[in-house]
């Protein structure tokens, strides 16, 4: 299909533009803050001389676009930083140096990334299975007691914030019942079994609320499809309820579920921050909260950009999947 | 066409004929038939009352949320409240906070104030921006539409929690914190409502009664106010009702992380930050804010569902519990009105198979 | 033995009786049409034949026997065997009646495998076979397309193919051509006719269109309010109706053969369009919905604009009243060029539901032009609105009601009252009667005629229905692909069409006379073979 290639190209260009726009917004917002950037950066206890030195280091005298250009250049070609005595080279996707530790932000993120990816991807598998499964089940059992129970449970699920369910799970499972030790991150490459056991509770905490959302959407989308004319056609041709639900209604719910999954990556990332903080997992989220508290701007900007990158990418992938699921979109 | 037959069918399927005359009265009538929504509405009303009357309630108890009571905690045991059930007494109805000895009841009801206040204020900001952008996008020129739609796409792509977390870091602490939290949430999370409003406005714009109003000689402003905006009320209210519980969760999460509402202002999320350390000595220190959050978000969600059902009975009836099996077969039994060959309002060619994908989804 | 035997059928929805004591039989291979206006219960009967009312809350009484199956008592399995296997339904809207996500061939194969032990491959082969049978070109390849890749007529063919897949004894067709253009409708009716000749399948046709029935069946059953009005051979019922209702129904059906009664005086030219063009889209997707159209309308005359969907007639109508700006060309009013809307050129819209604001009383809507003109005296406004409502055949007191309290025909009358409130000299009617039942349709058309004579209005009547257009128009323009292919006095265009497209259109119009219908069918075959 020639139209599909064009669609992919448009999507790709759109994604790049969105990423650039986000980088501009993030950069501008953080470096044109209300208040003295140098003062914020240096910390409240800095002497005026120190503040001045920081301002110099940050090239705060330069116009904004020049500083942004500089930042962008660092992203694509790398950057050299003088640390007073020597010159440190920061490799190609350079997001700058931490004000607090002088560590390269890119390197910092790379050490934290596996933890966050383990958490989010694992939880995603869980919430898709649980959520879609529950949704299909309640559409199949519609009008019966089991559906009412499922509906009530999913409703309660959507009303329980990640950190509340996480707290409760941790206290009950690790504290009271002592079924599991308090989670401690173990790298997948070190010990896959321990990796999974330790992530079990974080996965559950993050996945349950998302699963509830998916269950509600899947059920709604399936009921919506079941009310459509083509379902009537297949019933009028003697097709059984099982095939009507499993083949036609489920297929109709497919595209909305993909769309929701994309929309939810953003909120899931927020949930991941909470989960990491709660369980003390050394991921990007926990580091970001720390950086925010100590106002380490390069780290904050770097992390927001990296997270934004993943979210936008996930959205783009979902858009393409959505179009594959529903080819009519391409023509629109 | 026999109106009676339509009504009779509606009685069978639970679908009411087009709401049409609408108005607040009809809305209440439909909301009243939903027991769960009514209970939820009562709970929400109670919560609002508590929030508004928080100073009064704490005065009744004789406490305030910010006074320390070092005498009520056992510093030798690391700050555990003295007395049974975390220090419950006639003076302190729900006990005191570990370490500080602040009154828990006072902090909880003042927390309701912060929680609901921030969430509602954020919703107002979101709706204001979303409706303005959505309407401008739908009614403006191609160029305006393109620009605003792109901006909306970018806003939607930004992860709310992350952006809020980061933004809250850089604003000087002199800025009043609850206002700031509400503003930040409001300024980041208006993308979806803008999309909904844009789509709805475009639909309404194509309706014949809008064209008829233009033909009768009214100017564009009056046509928009009279014919378009009332049609937006239902989807906007519906979506706003979903936003409030979401905003409550986000505020609580930010405060839980220690970057939202700052101490000493009480907030449910903040109270949970240290709860895992104290749950054995003072379980209510965990259960009260967690329960308050759960009940509030649940009540608001159920109320939101009820509002949607009352505003759009057609769409919602399909999603209601217990609509019975085999609804799909039903449709055709209706007195089929002869459907004329479809003619689009613009007269654009129909044979080209375009249009509608099942959700408003991400097909932007 | 009969193929269908319905005895004393009743269907109740809640407290309302949709079908009331209906009995009929159908011999194997015969064709019967259930004809009636909306609310007559005809579609309900069709669903009841397949037991589709089970578990819906509707109560079905009486006896139904289809192809030897007692539908009322049959078990779930037996019923499923009947549905699609021995009796197959062809639905009205071909787009929404097929699953958008699966290839058409797969959907037919799925249905086939419900009723026959067959491998996927064999079922797929059968699907291709029936698709080929209903005239889908290049069936093996096209069977892999999904419904949205088909045109409306092709989709309806695919639905018929699905119905044929299991070689049923009975086809139930529920308004099978209502969503289609007249030329496509003729093709589908011809297809049904040929299939019946070749396979000997029985046909139960549900339709509101007497002409469609006359084209397709041997017997007609006229229904009203759930009861039988008249039942007999098609030539008898349509040729010499015994019942008053049948006579009224037939009298209301506009005929493409009948010339219009000469209208009143024609005056000066009020509206003139020259070289109108309107484009939609940009770049590669751009196309001209209307392309170089010029026309004039005189005081007191009706210009009919007729065309199939996508012909650009609605776009043209919207440009004439100023709701759309032309890309090129201009509209002159009283000899002066004009841009935007103006009160003395009004419009009556197609959809009686969306053309009135559901949140305002009809009085408010009708008063809009008065208020916009600056009238402030509320008593005067009420009086004038009441007068206008009475003029269009409603009551003064109706002005405080909301649109949903009115029937479709009444809403259309309100729309006309609103147009009149602006004291227009020209009214453009865009498909004003196509959403209405045929008797209501006749009343609204008569009202427009009266108003025209009384007020000397110039009317532009845009419609797809050739018969209605002939009934109301002095002059007619035929549109196709955004252009006017033929125009002239109505009698000339209809009786001696010059353009081949006009001839094809006219040949496709169903006739009320079965004998004429047969000759036309032969004529159509020749036209397509040429």
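Should a chain be cited, it is by its letter among A, B and C, assigned in written order, with residues numbered from 1 in that chain.
Here, a contact is a pair of C-beta atoms (placed from the backbone, for glycine too) under 8 Å apart; a residue touches a chain by one contact, two chains touch by 3 or more.
These numbers were taken from a predicted model, which means no experiment stands behind them.
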Chain pair with the higher count of C-beta pairs in contact (A-C, B-C): B-C
Per-chain Cα centre nearest the global Cα centre, belonging to chain: B
Interchain centroid distance [CA atoms averaged], subunit A/subunit B, Å: 22
Chain centre separation (subunit B, subunit C; CA means) in Å: 43
Rounded Å distance between subunit A and subunit C, as computed from the means of their C-alpha atoms: 51
Shared-contact residues (touching 2 or more other chains) in subunit C: 52, 91, 93, 148
Where subunit A touches two or more other chains at once, by residue number: 228-229, 232, 235-236, 252, 326, 328, 331
Multi-chain contact sites of subunit B, meaning residues that touch two or more partners: 324-327, 329, 332, 353
Touching residues on subunit B, where the partner in the complex is subunit C: 1-5, 7-9, 11-13, 17-23, 207-209, 211-218, 226-227, 230-231, 324-327, 329-330, 332-351, 353
Residue numbers on subunit A that touch subunit C, as the complex places them: 228-230, 232-240, 243, 247-248, 251-252, 254, 325-328, 331
Subunit B contact footprint on subunit C (complex, rising order): 11, 13-16, 18, 38-44, 46-47, 52-58, 91-93, 148-152, 174-175, 178-181, 208-209, 225, 278, 280-281, 287, 289-290, 308-310, 312-316, 318, 321-324, 341-343, 345-347, 349-351, 353-360, 365, 368-369, 372-373, 402-404, 407-408, 415, 418-419, 421-422, 430-431, 434-435, 437, 464
Interface residues, subunit B side, partner subunit A - complex: 150, 153-154, 156-163, 165-172, 245, 249-250, 252-253, 256-259, 269, 272, 275-276, 279-280, 286, 290, 293-294, 297-298, 301-302, 318-319, 321-329, 331-332, 352-359, 361-364
Residues of subunit A touching subunit B in the complex: 14, 17-18, 21-22, 25-26, 29-30, 33-35, 40, 142-143, 147-148, 151, 155-156, 158-164, 167-168, 170-171, 175, 219-221, 223-229, 231-232, 235-236, 241, 252, 255-256, 258-260, 262-263, 265-267, 269-271, 273-274, 277-278, 288-289, 291-293, 295, 297, 300-301, 303-304, 307-308, 311-312, 315, 318-319, 322-323, 326, 328-329, 331-332
